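Both complexes shown next keep subunit A, but they swap its partner, so subunit B is in the first and subunit C is in the second.
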Partner chain A sequence: MVNIEDLKAEAKRILKGGNVKYIIGYERPSNAWKANPVFARTPEDVDRLVWDPSCIHNLVRFVVDEKRRKAKEKPVDSRPIGVVVKGCDSRGIVVLIQEKFIERMDVFLIGVSCESTGVVDERKLAKKTVGTTVLKVKFGERMNYVVTTEDGILDIPAADIIADRCLECIASFPVVSDHLLGEKSKRDVPKPFQSVEKMESLPTKGKWDFWEDQLRKCVRCYACRSVCPMCYCDECVVDTINFAVTPETTAEEKAQRIKWLEKSPADSENIFYHLVRAIHLAGRCIDCGECERACPVNIPLRMLNKKMEKEAKELFGYDVGFDAEKPALMSCYLDGDPGDFIR
Partner chain B sequence: MVEEFEPRIIAFLCKWCSSAGSDLAGVSRMEYPPNVTPIQVMCSGSVSPLYVFSAFHRGADGVLVSGCHPGDCHYIKGNYYARRKLALTKELLEHVGLEPERFQISWVSAAEGQKYTRIIKDFVNELKPLGPQAKLRRKPSW
Partner chain C sequence: MDKILAKNDFARWLEALASYRLYAPQNKDDVWTYELIESPDSRGLADVMTAVPAKKIVFPQREELFAFEEGDEAGYALSELLPGEKPTVIFGLRPCEAKAVILTDLVFGGEFVDEYYWKRRNAVTFVGLACLKPPSPNCFCLSVNGSPHGTEGLDILLTDLGDTYYVESLTEKGEKLVKAASDLFADPKPDERTRVMRLHGESEKKLRRSLSRIEDVPEKLKGMFDSPFWDAESMSCIRCGICTYLCPTCHCFDINDEVESSSPLQGRRVRTWDTCQFPDFTMHSSGHNPRPDKAARLRQRINHKFQYFVEVWQNYQCTGCGRCITLCPVGIDIINVVEKVRDHAG
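Here is the complex of A and B:
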């Protein structure tokens, strides 16, 4: 079990020693059961840190933001930042290191184990606790969650309210960390791609009908892009506005500019955007499920990314986010890669 | 009389092999369907999946990416990268419900004019029963 006091002690130690700029962790707001991200800058802030199944967020996104901030900083404070990472988040860090977006010494990782379970799905929990208010969620001893509500304490098996992505998680512990809390306990996941396999069994038309229905809802708020720790490109294909238009830009130049897709949330533009996003995340998505959580219209975006993860695994034997020394999926090849689909 | 559906194919041909292969088919006066719009690229490895999506988005009924045989790439390993990238692209397109026949990849060397004509003929024959591709085509609904 992760002892929260150990986490606080370690966080205090590194903050006091001035080894890190600040620590990004989770805190409990006064009015809700769900944890919030928090930046602990002084040893006193550390007391606010928590670790429980409501710590849904992937804090690696803040590491990406930090790099942006650092570029503008004067004078540059090159100390690392401390991050509390779950299993999936730590794999995100590995991918960022693998792509040389950050260096290993840019971050100090406080790894926390998910206790062979995972984090809570807000909607599933809401269904289980209709008519009452949840105050607190805690990890139980044997793959269960202890939910404190206004009407008393509930003991719910983890499998009932765990987030979908955690059901398919093959490593519920950090793969890299400077300080590990909890055990590297592994849970048996007989079918790590069961949701995708269900989808694959549909006929072509069924698949299209499903995605057309889902992606029609998209309002193109780009929340999925903003929340994704892997979407760190400075220029995105969907933002034509990124190309500066100056008074000297001629009409001809503007006309010559490549515009891959329109900004309007029309069906065809939506699917184009999501296809591009999925292929960009192929072999990089660590399945933290943030895109799906952030989506205001509940598009099952994980199903696109998980499919790419599955193909990376099945076609090329590539596991995302386990080894920072290995080359990235798309920047390497093997002589024996499957080519039977090629004429 | 109802006019028969003529599919429109966008073919990304690598400069060193497939483009030369299609040239050979042309200068040898081999007959093949006129449904292809070839686009010469420097290497099949330079074909971004974005190009493929974009071609469908602008109304292509089928997309062909063609490069050198493995081991023959002018840039030594471009087609190996292409093989990985396009395998994933193909899987993704099938996953969202595009007919698998619409996106094809082939290796055509500069000497294989005959093979090139055969691939195009097969491709056109496969596309005809599917009808126009309307799924990814741009539909301005606003």
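Here is the complex of A and C:
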């Protein structure tokens, strides 16, 4: 089990030594069971850190922000930032390094074990706790969660309320870190792609009808893109201004830019947006599930990304985010790569 | 005129309103939204806070303004596209959402009367459902001059009495809905009236969240425009549009031409929801962005709701529905932010 005091001690050690600028971790507000990201700069901040199954967020998203902030910083403070990472999050770090978006020395990673389970799914938990208010969720000892509610303590098997992505997780322990907490656990994942199998069995029309129906719900808040640590482009095709405008950009250049999609939440535009995102995440998505969690209208976005992950695995034997030394899948060609789908 | 409606008769009431488009909260994929009623639920109305507020009906995410077409010689032909006015009823509206409609009325009914908005808005009859228990853990309507049984903006307020609804018609529009099926409605007994008043009173004590001394906030915000406070508070913001798109009072929009044919040029000018939380919202064509970072954008959201709107319309532009808190992917909590503003030393 991860001892939270060990986590705090390490956090204080690196902050005190001035080794890191700040530490991104989790805290729990006094009025909710769910953790929030917190940016710890002082020992008092560190005392608020928590590690429990409500630490859902992929904090690597904020490493992207730090890079942007640093670009404007004067004078530049080039110390690393500390980040608390789960297995999936650590794979995100690997991808960012592979893609040369960050360097390994930009981050000090405090790795935490998911205790043979994973994080909870908010909607599943809500269904299990109708009529009461959840105050706290803790890891249990036997693949279970201990849920404290206003009306007493519930012992819920992990399988009942665990996040879907954790059911298919192939790295419930950090793959890269500077300080590791908790025991390395190996979990059997007999069906790492079970979430896409049902969809794959549908006829083409069935797939189309399903996705048309789902993507029609999209309100284009772009939370799925915004929460994704891999969606770090400064210029995104879905924005109305999808290129960097500078004082030197001429009116003609601006006028001639292609508008790839309209802001209207029409079916064609919604589908275009989500397909663009899915394709751009092929061989890059580490299945942290943040897109699906953030979606306010519950579109099963993970399924799109999981399908891409499966393609990468089946066509190229590529597992995303395990080896920072390896070139990224979509930016290299190897002699042994299959080519029979190129016609 | 107050009435009693048996829940068993609710479906028959809806049948009597066949000439209207009828909306009510419905669940799809574990998410509640206002959808057209296809078959009435025999259990009556869902006592919930939808994810997407009812503003999508009076202020749809996409509104066509006019069509344009390139003519042979005469230049462009423009044709006005005004929304149809099919009468609509929204059932199960929370009092905070009805109040949000009143606030949006101010914006679209000020110096410039927005015909598109009013065509839709005037066609709607709002049938609210009193919140006898808060439909969200983050409800705080009482702190922003609202009430779980508030009637502002509503045409009818329903109160759930178990097997029946206590029906308060508040306007002529509301009265008309009741008259459409008057045989279904009975006169309330005196004790039913007393019970409703008691339930309303109790409902005010059940809210889990509050925001006190909010009246100090507008003045405080004036002095905090350049404060580093906004940097610290916005650190975890991911710059998505959830807090504003799903806010019942946020009403900002963008206008674009959607081209359907380039030769001859044909298309429509449309307005769509937009939000101050997107980086391109304030981007100038010069490349300068006066709100360059998420600190400036969080500040804008708070300032608009608790300073600018108060200055212009003498109302907070927040009705305490708690959606932005519940749905924020990173837990940014407008109550906490505003409390910190209130208690800020500077």
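Some notes on this structure:
Quick note on the criterion: the second predicted complex is superposed on the first by the 321 of 343 C-alpha atoms of A that agree within 3 Å, B and C clash if a C-alpha of one lies under 4 Å from a C-alpha of the other, contacts with A are read in each partner's own complex, and residues count from 1 in each chain.
The rule is simple: a residue touches a chain if its C-beta (ideal position, glycine included) is under 8 Å from a C-beta of that chain, and two chains touch if they have at least 3 such contacts.
Keep in mind that what you see is a predicted model, and the values were worked out from it rather than measured.
In this superposed model built on subunit A, subunit B and subunit C occupy separate space and fit side by side. Once chain A of one complex is fitted onto chain A of the other, the partner contacts of A:Met105 are absent, as it touches neither subunit B nor subunit C. When the shared chain is aligned, no partner comes close enough to touch A:Cys233: not subunit B, not subunit C.
Contacts of A:Lys307 after superposition on the shared chain: subunit B is touched, whereas subunit C is not. Contacts of A:Leu275 after superposition on the shared chain: subunit B is touched, whereas subunit C is not. After superposing the two complexes on chain A, the angle subtended at the C-alpha centre of subunit A by the centres of subunit B and subunit C comes to 90 degrees, rounded to the nearest 10.
With both structures placed on the common chain, the touch criterion links A:Ser264 to subunit B and to subunit C. In the superposition on chain A, A:Tyr333 makes contact with subunit B only, while subunit C stays out of contact range. By the touch criterion stated above, A:Phe316 is placed in contact with subunit B alone, subunit C being left untouched. Fitting both structures onto chain A leaves subunit B and subunit C with a minimum C-alpha separation of 6 Å. Subunit A residues 262, 264, 266 lie at the interface with subunit B in one structure and with subunit C in the other. Only residues 28-31, 33, 51-52, 61-62, 137, 208-209, 232, 235-236, 238-242, 245-246, 254, 256, 258, 270, 272-275, 278-280, 283, 285-288, 327, 329-331, 333, 336 of subunit C touch subunit A when the two sit together in their complex. Partner subunit B is touched in their complex by these residues of subunit A: 199-200, 204-212, 237, 260-262, 264, 266-269, 271-272, 275-276, 278-279, 282-283, 304, 307-308, 311-312, 315-316, 329-331, 333, 335, 337-339, 341-343.
Here subunit A touches subunit C in the complex through residues 29, 31-32, 34-39, 57, 61-62, 65, 123, 133, 214, 217, 219-223, 225-227, 239-241, 244-247, 249, 251, 254, 262-266, 290, 293-294, 296-298, 300, going by the rule given at the top.
On the subunit B side of its complex with subunit A, the touching residues are 49-50, 53-54, 57, 70, 77, 80-81, 83-85, 87-100, 104-107, 119, 122, 135-142.
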